[in-house]
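First the structure, then my questions, so here it is.
In this document, chain identifiers A, B, C, D, E, F, G and H correspond to the written order of the chains, with residue numbering beginning at 1 in each.
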Amino acid sequence: MNPDKQPAKFPGLVHETPGGGILSGPLEDVVNWARSNSLWPLTFATSCCGIEMMSTAAAKYDFSRFGFEVARATPRQADVIIIAGTIVNKMAPVLKRLYDQMADPKYVIAMGACAISGGPFFYNTYSVVKGADHVIPVDVYVAGCPPRPEALLHALITLQEKIKSGGKRERIDIDGKNI
Amino acid sequence: MGPASMIVLILAAVTFSVIAILLSRVVLKASWNPQKGQAYECGIKTTGQTWIQFNVGYYLFALIFLIFDVELIFLYPWAVVVRQVGWPALVEILIFFFILFIGFLYAHKKGALNWS
Amino acid sequence: MMEPGLYHMLFIGAALFFIGIYGFLTRRNLITILMSFELILNSVCLNFIAFNRYVWTDKMDGLFFTVFIIAIAAAEAAVAIAIIIHLYRSHGSIDVNSAENLKH
Amino acid sequence: MFLTRYFSEIAEAVGSLLKGMRMTGYYFTHHKEIITQQYPDNRATLVLPERFRGEVVMTHTDNNEHRCTGCTACELACPNGTIKVVTKFEVNAEGKKKKAVDKFVYHLELCTMCNLCIEACPTDAIRMAQTFEHSVYDRSQLTRILNKPDSKLQEGVE
Amino acid sequence: MTTEALITVMAEVAPDAVVDTAGEWPNFQVSAEAWPDLARLIRHREDLRFDYLFCLTCVDWKTHLTMVYHLSSTAYRHTMVVKVKLDRETPVIQTVSDIWRTAEFHEREVFELFGVNFTGHPDLRKLILPDDWTGYPLRKDYEDPVNMIKL
Amino acid sequence: MVEEIGTTDKGELIINVGPQHPATHGVLHLVITLDGETVRKVEPHLGYIHRSIEKMSESLSYRQFIYATSRMDYLSAHINNHACAMAVEKGLQLEVPERAQVIRVLMGELTRIASHVLWWGAMAMDIGAFTPFFHAFREREMINDIMEESCGARLTMNYMVPGGVMYDIHPNFHRRVKEFIAQFKRKLPEYDELVTGNTIFRARTRGVGVLSKEDAISYGCSGPTGRASGVDCDIRKVQPYGIYDRLDFQQIIGTEGDTYSRYLVRMQEMRQSLHIIEQLIDNIPEGDFQAKTKAVLKVPKGEYYSRVETARGDFGVYLVSEGGLTPYRIKYRSPGFSNLSALDHTVRGQKIGDLVAIMGSFDLVIPDIDR
Amino acid sequence: MWNLAQLTDLIHRWLYETFPPAWALAFEMIIVGIAVIGLFAGLGLVLVLMERKVSAFMQIRLGPNRVGPKGLMQSLADTLKLLVKEGMTPDGVDRFLFNLAPFIAMIAAMLLMAPIAFAKDFQIWDLNIGVLYVTAISSLNVIAILMAGWSSNNKYSLLGAMRSGAQIVSYELSAGLSILTVVVLTGSLQISDIVTAQSNGWWIFKGHIPVLIAFVIYMIAVTAETNRAPFDMAEAESELTGGFHTEYSGMKFALFFLAEYINVFIVCAIGATLFLGGWMPLHIGEWSAFNGIMDWIPSSLWFFGKTFFLIFLMMWFRWTFPRLRIDQLLNLEWRYLLPIGMVNILLVTVIAILKWHF
Amino acid sequence: MMKGETIVFYLLAALTLVSAAMSVGTRRIFRSAVFLLTSLIGIAGLYFWMRFEFAAAVQIVVYAGGIAVLIIFSVFLTQRAGDDMPSPPSLRTIAAAGAALLGMGLVMIQLVNHRFPTPAVAEVDRSVSAIGRRMLATGDDGFALPFEVVSLLLLAAMIGCIVIAMRTKPNQP
């Protein structure tokens, strides 16, 4: 069997979060500030949620306000991959490869029910991956089908919080106030 | 500053780039896996070799460009003195242009500038 | 080291020339042969300029010769490459050996 | 003639390009056309339409009472098994055993916000809320139990 | 052409066809052998001209498979359905992709989802499923405990 | 997958476009054979978003399976739902109240405009102009707001239920739609100024990717793609459903069959849809918005086929019922699937840049193709 | 205090008074180097932010406004992030050339800084072949792109690189021809001469229609030469994903990005110098009163004002027009720009000889 | 201490010669082209060093901008550029190297023994305008005629290229 095919571990312990390195203290804070404010997304959308991602990019919600606008078509230059839409078994190796080919540090947002768990296609389908975190580690999950643009913005802010706090894969509670 | 500035500029460019590129090496522990090294082709494993012999439609343009490029080079000294020399300069350049224009028209007629 | 002057330039010119000759002799591929040829031409140009600079400083002929040589080199390169491509298209190879085969 | 055609072509092309540039130039200088809403800053004023389906919630009264009888109609209506109603038997005042909801498990990560469960519920125990800020770092946080701890069935709901 | 007229004409070109008028459009059941010739005929015959194959699919009836062709004519605007019964174990039928080119993709889809073999198809490969897929997922008895979680 | 060859003898290059590529609008995978810049062959590989909706629908009840179709052609979610609801209603022989019919059509046309507007922006983006995309979303957001207010969601509305619609329209609906009509009428000429008239755009699209009428029919092309080639295939006209037979609108038929004419057909269609909305918005009849139905639906044994015209073309639902709680077999005839099959034929001999433009003009929605 | 020349003089004198000449020279070089790098980085930051804001306003949105006050720190954050982002070298690339390419792009961009007159008497090196030097060095760019594209071992990169190769060399001709029109009028290649020649009015006003045409051609040609939309064939995102820099990541990519913006700045600066008088304030003939008022505005402001206006123009193009197809792009050059440019230069010659210009 | 200029000279000389040697030595044709280019740029640098700015600019414009691109295109067109070129037979390599070294030695001997005339004192003005004036002059020391002849040559080259290159067009499908 193709080794690419079935990603082994679950959920999301495939790679360590890169970053950290030799930096510490205020310098690290500065770097994290820069990283969190310059998340260039990969143009990756598989289905319906992709349209809402486009809406978020478009004039009314405009995620460029946060500095996310430089959508890169190539994973080499992207920082965050927003999994917008269903991931099916045939797509999983592709997603894995795209993720692998991104330069460190890299972040993942699972957008919508499909990317989180298979969502509407969880039961009785033979081809849907039951959650993108079976394939690649996910940093932030945002529920909805599709999540409305504000929800995606909220997810991006949540991701920023995570990066600012050092990018640890632990649970960090954010409430609405500190955004 | 004189010609020394060239060296300064080159050195500046090189130092700047080297520092910039090396900084991330120092700061970042990057992960690596075999897939990361593969050529990116929309998430699909690339098929076959990239460095192959293949059809460049543009070489004809490059050929003609080369001719015109040389012509352009000769125009520079001409342009500088045209006001001093006056009408003879115009005449000479007219001849020069005329000859080249024939070539241009020929190329056009032959469809060399029709890119296929 | 010496203050650079005419002899240095001529040395570079000669070295380039023979590097070109070496390439000319060893390469079997028309394009690389063409490249070696460019080297040879350039060594000549360099000599012209060097003489103009260090010996006949009151003249400009060296400069003009160089400029004209460059112009001619460009024309020559264009035609040569056109021929190479033509050869390739019609014979599928630009190895010198196969080009030699054409003759007979 | 060749030349006139040549130049009129150019003029036309340039004209059409200038038209486009006038358009973008207009927007560049007229900032009142900007329609951007600044999301995190407008949270206070952001009003979503009341029908907007953000998540399923269970209404609770002030006395911590809900209206869910545990009939599992919503579970059946849901197209993708988002709802699991875990029932238990409670002994009510008259000493009769009665089915009641123990845990109303709701998988937000699966929910498609299709409203079918709400339509199906005979007692209007659940409704759609307009919240949308569901981002979490851990997907298990999305599985929720909708009935609050120790909540009771509201009086008179059958 | 009205439905009645269509049925009369069809009775002429395909006397063996079983007609069923219960649905919205007339249904004709033909045999797999007769189908290729009939297809060519109804595509080109002047008064029929079924040039638009808008739906091609297959139904698994547990005992047999049925190919269903929805045909319509852009010139006369009449529509009909042709059904071909196929054996479930070795379903084989002649391709119609040379008559209606849209059938090429549709037949590839039916091939991988139902396992119907189309003889004469120019490029009968998997279109949708991964290359290493086994089984015909749209058949009723398809089971896949790994990927398919039953509710 | 593809055989391990990178080149053919003639110096042709085989290159993958997609599944993750900005021009494929999703996860279409095209294997392209290139000769220099010229496309010699395009081979679509599908299934990167094949979610087995057909199989899934077989285990969902008649009320439930409709929601899955919103996720297929998510840009015409509402119209897809309409087809499903109609198939069920055909089976149940339900009479849908007039008010529900009108609301359905109104929403459908709004969806169509939203879809075309998005297509317009995306097509311009494919060709390299970024600004139209943002301008397009301005109008689209207005429609989304209307949808959200009345249907409760922006994209996957789930507003249709067998027998009518889920809720009545929102009190604000009238005002909002009126505002939208006014705004859209004002902005449409801007669209033309920005893109349609642009000489670069014309040069990029005129005479590019010509699909003849015969080929269009043979490949089963429908929707604006087919109509641009001169096929009159608007289901709203040739087999009217809902209340379309009582409405005044035109079927836009192109002649050239090239990318530009596909573009123009869609632009005109937006105007027609606007016209339909204008006719209806003041004439929504009073009455029920939903017919009385049983709590559990059982469609009698039989086969039902309903066709609608989505923003991409002829969408069909082939519903086979055995009389049970769930459909026995459902086949969704998606317009994109057939349109895509014409891609190879259309693209051959064109440049890579044209491939992108042609794909843009086909307006492919990949989940609609893969289902 | 607006006079930058005095400042440089002051530093120069101070250095030579305090240190022995060799050291003074070295220090001076270091100062210049740092200044140039600073200018480089600063320009990059400003231009990127400007591009984002301009595009945002044209697209009825706000653009970056949350990072720092009014989003001003946005490009700083981007730069910092890129600095600490992994710059990887994929397997299978030609490592040597792959890593060399960004350097070449940078060196070319940096070298182009030399002849630009930023203000009155403020220029790194006033070469006597000024504009010819610019033409020559800018042709090195194409090599960087071809190298990057080829060495990446990626089909998109290769296609992108070859497209841009054909495109850049083609448009070099038109750019050269339109530069020549001004050279004909001025009679010198030196930047300082060209600027002083405009002390009684800018060429675009003095030179009648032909100079205007030359200006238009120049703008089109340099837009194409710097690979910017609508001529961004090399990186046509919807066709070739990233074009020649598809495989580049982190700072290696950023260097290309930076070099591109610096090139934009330089061609606009050259355009401003040739056609709009460089740092020369708006002078009208001999109206000394008016000219005097104009002289109040410092020359560096004039220079940057004009340059940024041209840059804005290029951004305006970019955010308005669709992309051309590669063959149309070549047609535009060979069918329209080049013949018109050739005729135009003859016209200018006649004007220059007859002294019809003002 | 060495003067800055001298260092620069040796740097340029090294750049020129090393990359020329690499160009004829490397097995990868694309690298070979790139090295050729750097060598030519080094020569341009030498011109610059000798204060022949115009010649340097011409060198860069024509070689870097034109010929190099053309060579690279033709490499793409005719080679599997990723493959290493076959190395020539060692005998041939040795013979060629020997011949080149021998020639080099002979020339060096000649050079060392030859005395060139001492330079004229008067340095002529070599600015571009002087070049222009000489180029347009029709007199004895003028280059007007060669200038026009070059245009003819270019015309011939262009027509030649087109004829040769276009003739192969029909071969293509």
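Here is the rule we go by: a contact is a pair of C-beta atoms (placed from the backbone, for glycine too) under 8 Å apart; a residue touches a chain by one contact, two chains touch by 3 or more.
These numbers come from a predicted model, not from an experiment.
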Would you mind telling me which chain pair, B-C or F-G, is linked by more contacting C-beta pairs? F-G
Note, CA centroid farthest from chain G's centroid sits on chain E
For chain C paired with chain H, centre-to-centre distance based on mean C-alpha positions, whole Å: 6
So, in whole Å, the Cα centroid of chain A is separated from that of chain F by 29
Mean-CA-position distance for chain E and chain B (Å): 57
Where in chain B do residues touch two or more other chains at once? 3-4, 6-7, 27-28, 30, 36, 38, 40-46, 49-56, 58-59, 62-67, 69-70, 72-74, 76, 79-82, 84, 89, 116
At which residue positions does chain F touch at least two other chains? 1, 10-11, 13, 15, 19-22, 34-35, 37, 47, 50, 52, 55, 59-60, 67-68, 131, 133-135, 138, 141, 156, 194-195, 198, 200
Send over the residues of chain G in touch with two or more other chains. 58-62, 65, 84-88, 132, 150, 153, 155-156, 158, 162-163, 165-166, 169, 172, 187-189, 237, 241, 246-247, 250, 319-321, 326-327
Given the complex, residues on chain F that touch chain G span 13, 15, 21-23, 34, 37, 124-131, 133-135, 138, 194-195, 198, 200-201, 203-204, 351-356
Help me check something: in the complex, which residues belonging to chain D touch chain F? 12-13, 16-17, 19-20, 22-24, 35, 48-49, 51-53, 77-79, 112-116, 119, 128
In the complex, go through chain G and note every residue touching chain D. 54, 57-62, 65, 316-317, 319-321, 336
Could you please specify the touching residues of chain C with respect to chain B in the complex? 67, 70-71, 74-75, 77-78, 81-82, 85
Using the touch rule from the top, collect the residues of chain A that touch chain D in their complex. 11, 59-62, 65, 110, 113, 116-123, 131, 133, 138-145, 147-151, 153-155, 157-158, 162, 169-172, 176, 179
